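Structures incoming, each one as structure tokens.
Below, subunit A partners subunit B and then partners subunit C, in two separate complexes.
Moving on, here comes the complex of A and B:
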């Protein structure tokens, strides 16, 4: 069967999408992995999951992106969701202040459950709805600086900054991993989710796709 | 309802200034009001995104109804309150109630139909139904142990939500029992079951299948047990259906598959999922898993993984005897298939000795004999009427039929290896001898017989050949016109999976030239019943004396043609025939559902089936005998 993933990659990074319900997480995921946007998308129940393979500084990186229901505050799947995550895209809706106010709460959750070295990017989504904006970008910028996060305003509808946001996260992760790899040789695991150190270094001699490849599996 | 939409009116009795008093926050009506508003907004946000493709759910009236029902339920169940997903449980209920509703003119309601289907009460009825379903599904929404003090009955010993422990139980207990290798594989790839099971269970599979299929699955679920106790096993059944893909998949591929579950195939009725679960309820063991996987994937798991101790051998004969519901037993062939197989094995053994075959062949035959002996039933048998009288529980009967069928399958599997070895030996023998050597032919026939028996064992929905039944029951008189009998015989041949393409014409031709030689009576008197009959239906003639007929058959036989081919190595010379299922009532477990599990070279083996179909109507026409016609009709039922 074609279910076996035969793609070769140098790194497998797990990135989680978090943020309040209805801020557009699922559309960010579909825009990034399938270049699709659906104005009438259903609420996410539990978890969605997609992957995309792309090039970061000449390395083939497979991004495994998890999307969860925004309402799942006290998740039945919390541990599974954050386990092994090396990056997080914390999304709020620039037209709803409440979703920005809850950013602190999401940060707390990340600190409680995720790896302490997790790379976090704050994303103010629905930037296309500038006329409905209830939150100036400056406020978010201030918060991002205070919390040590990267920040971008994005629009899944207009495919604005989505690619850039993920590229930035993946690059940050890659740099951290490279530094770590220099510091200590880490064991490679060939299969499944990364354990402990949250990276998965696969066969480096693998044949790589030269072009960035989008998988919709 | 007015109060729901305008909660401020509801609160009007309270002092508007009470917020400034020293009342604790939780008791302040203002606090309650704000919480309620937040809750309604939260629900509204999901209702807005509920079933986006369905115009009915885009209408404000429908959306208000959804929000109101969910809001009231959340207020009544504050331990859980509203959780995403509930709206997608409610939506199908409203859809169905609305569809069934009847708009009645004002005035008194008469009769239960007008009361039950009154369109005035769509919302009320939907709420009631939703409330009942939620009693079973509620726990899947309960996140309390990890939560922030929702006050729900705390399961303090287990620091995890009920959904997590439930998901673990589904894989580590249920799946582990029916398919240990799959459960092990899921653990090995580090798949946490709650990740996919949470959505499956919370939405009752609403996102896994199309809307119509979901409704059918729900019908089956609620019809079986409104308390949804079999829900966990439905999940197991779903895992078993994608078992082979899962076994090949790494973490990403497996999760992708489970979160985008494949739709039902054309030959899978959605309710079969629930039927499988019900079957597993009674067979929560390797055999149950083996049965379901074989049925749904056409590829049962290897028996090598079977646990050493099998409950199959512990069943009493009385249970097995209920297998008389299967076509063979009803036809009254004493000894059943064990005898047939044993007979064939014995004659093969004798001929093998004559041919001086390699020891390995004898070993293989020994294996056949041994396996057969393991399953020899006691000599006492109940009659059909005994079973009918003593065992009134129809469901139990079907269950036992299913068990017997499983057992036959296992027998067939055992035979398969031995047959493969035999064919290999046969190949060697054939190469070293002239093609028309009598002993080679009889050896070929013997192996073919064993193989056929194996095929019939494996799929007991295949009726026994007509000659077999006739010869055994001895009800047919010899007084019948010989020409008629022979015509039936020859017409029967093509419908047999083993029938060679040329056999029909061959049989007819010979019938016209020497009808007297094939009088059934004379055949019965000259040969042992089973052996004679075996020959008769395979040859389309049925005489061991008539060597010219046999050699004519051999030259037209696919066995001969395939002697030099590899097809037989798979031991599936007769595989993939598509007979009908006389027992397929569908009312219970669909235990007799057709399943063709063979993995042999299919395109080649489908040919006899084509032949069968083409010649079917012909055989019906020529069938003058009442009994024979009945058998044919059931066989040709779709």
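Moving on, here comes the complex of A and C:
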């Protein structure tokens, strides 16, 4: 293994949780990082974050997830957190059409403030409230295809697809980064090296170093 | 709770399904009363409390009639006594006196009723969405559409009409909620007005206006103060790329009412209403100073954990006060 001994992970990925207020962002976060769901949760003021370390294709990846207040007025402080993010989970509530209609506005926010290569997953949360559904999954699927996003319906309450959603984001990010590393490597040496564990350290160090990977700019 | 159900068969008030602390919050398991607030207080403490209440009553006069006179004559005594903590049974009244909201109420009869009953607000849905997410573990606000939730809605809606530039912003609910635990709807509304419009101290409305300008200003100032008073920590935070917006926005936006141990939040509010926002800076700095040795040795993730523990598990009051003397 190529990573340093004192470091307990290979990669650190910063991910932002965005979407309208009340769609369940904080509970998605607590379900994913602590396997907890709180019916009596408070609205998020400002930003919160939590982390979880997991395996992606044999690599140890630390996901650092930033949960932001959903109300529009808070974007004045929350948009700063898009910087350096390599993934975004854009959440809406399947029982509230308005939260889906606002997805476009959130995408614009990401385009304005985040890295252009950011991996975005659209998540239709509260799938357990199917009887209150105001939006068919197909509509979201169509939008996701049009905008080039992944899409899943999730339920933080029932722990449905939460793990899968984050796994998918992390895997996508990992693929993009390894492809980049590979491309850089191929560019560096004209004779095509066999793919595998030999990695150009000088190129990859930028990604591997926890400080530069996710928070620095 | 199980043990206390000896008189099971006796008719009486329906017992609360979950044990509450003395402020009405559902008790967290394991989080037993911080400094002996809910049970087992020695008799001497009760007596001291009684004496203090008597002193305070004398100072205030009936319904607050002597207050202004007393403040003019002995401002230093008032300040000192408030810093020691306003007796809980007089808190609501004193808060109204020191914030200037009592005067606003008297000058504007009928206005609140007008705002609640006749006006509509563009923020109504936003407010409703957050009602059950404001102090969800307090008994007063737990019942869906119960009196607590209704009052909270009314106060926030009235404010959003009264000041359409501010409207409703998340966080305001915690201010209103805290006030409603100590006073009527109308009184809480005018205290909110006094704070946001600056009846006595600098207006707070900038914390909630578009762009949150005052939040940005306070965070900037806090960052500089922190670097001045705690340079080692400032350096460490720089290295870890931690800035105050990650931990202190809530402190300013809700004046510590969002996730701080409630009995301490009340003490902060006593002083905050009397002395203004500088107390938020002071408490914030004191908190950092209190755990500076721990903080400088930790990385971002650990720091976050530390922060959450510090916010939920209260600091011992005496020790904390000591550190507060920055």
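Heads up, the rule we're going with is that the second predicted complex is superposed on the first by the 172 of 217 C-alpha atoms of A that agree within 3 Å, B and C clash if a C-alpha of one lies under 4 Å from a C-alpha of the other, contacts with A are read in each partner's own complex, and residues count from 1 in each chain.
Simple rule for what comes next: a residue touches a chain if its C-beta (ideal position, glycine included) is under 8 Å from a C-beta of that chain, and two chains touch if they have at least 3 such contacts.
Computed from a prediction, not measured in an experiment: that's the story for all the values here.
Chemist: Applying the document's definition of touch, where does A:41 land relative to subunit B and subunit C: first, second, both, or neither?
Modeler: Both partners, subunit B and subunit C.
Chemist: After lining up the shared chain so the two structures overlap, which partner does A:49 touch, if you call subunit B first and subunit C second: first, second, both or neither?
Modeler: The answer is both, since A:49 touches subunit B and subunit C.
Chemist: Touching A:80, do we find subunit B (first), subunit C (second), both, or neither?
Modeler: Both: A:80 reaches subunit B and subunit C.
Chemist: In the superposed model, does subunit B or subunit C contact more residues of subunit A?
Modeler: Between subunit B and subunit C, B touches the greater number of residues in subunit A.
Chemist: Between subunit B (first) and subunit C (second), which does A:182 come into contact with in this model arrangement: first, second, both, or neither?
Modeler: Neither partner.
Chemist: Do subunit B and subunit C land on any of the same subunit A residues, and which?
Modeler: 21-22, 40-47, 49-51, 64, 69, 71, 74, 76-77, 80
Chemist: Report the residues of subunit C in contact with subunit A in the complex, numbered from low to high.
Modeler: Spelled out, the residues of subunit C in touch with subunit A are 126, 129-130, 133-137, 142, 169-171, 173-174, 208, 210-212, 215-216, 241, 245-246, 249-250, 253-254, 258-259, 301, 304.
Chemist: In the complex formed with subunit B, which residues of subunit A make contact?
Modeler: For subunit A paired with subunit B, touching residues are 1, 3-5, 21-22, 40-51, 64, 69, 71-72, 74-81, 191-193, 195, 217.
Chemist: Any idea which subunit A residues touch subunit C in the complex?
Modeler: Subunit A residues touching subunit C: 21-22, 40-47, 49-51, 64, 69, 71, 73-74, 76-77, 80, 211, 215-216.
Chemist: What residues of subunit B sit close enough to touch subunit A in their complex?
Modeler: So the residues of subunit B touching subunit A come out as 42, 45-46, 49-53, 83-85, 87-88, 143-144, 146-148, 160-161, 163-164, 188-190, 192, 194-196, 198-199, 202-203, 207, 244-245, 248-257, 259.
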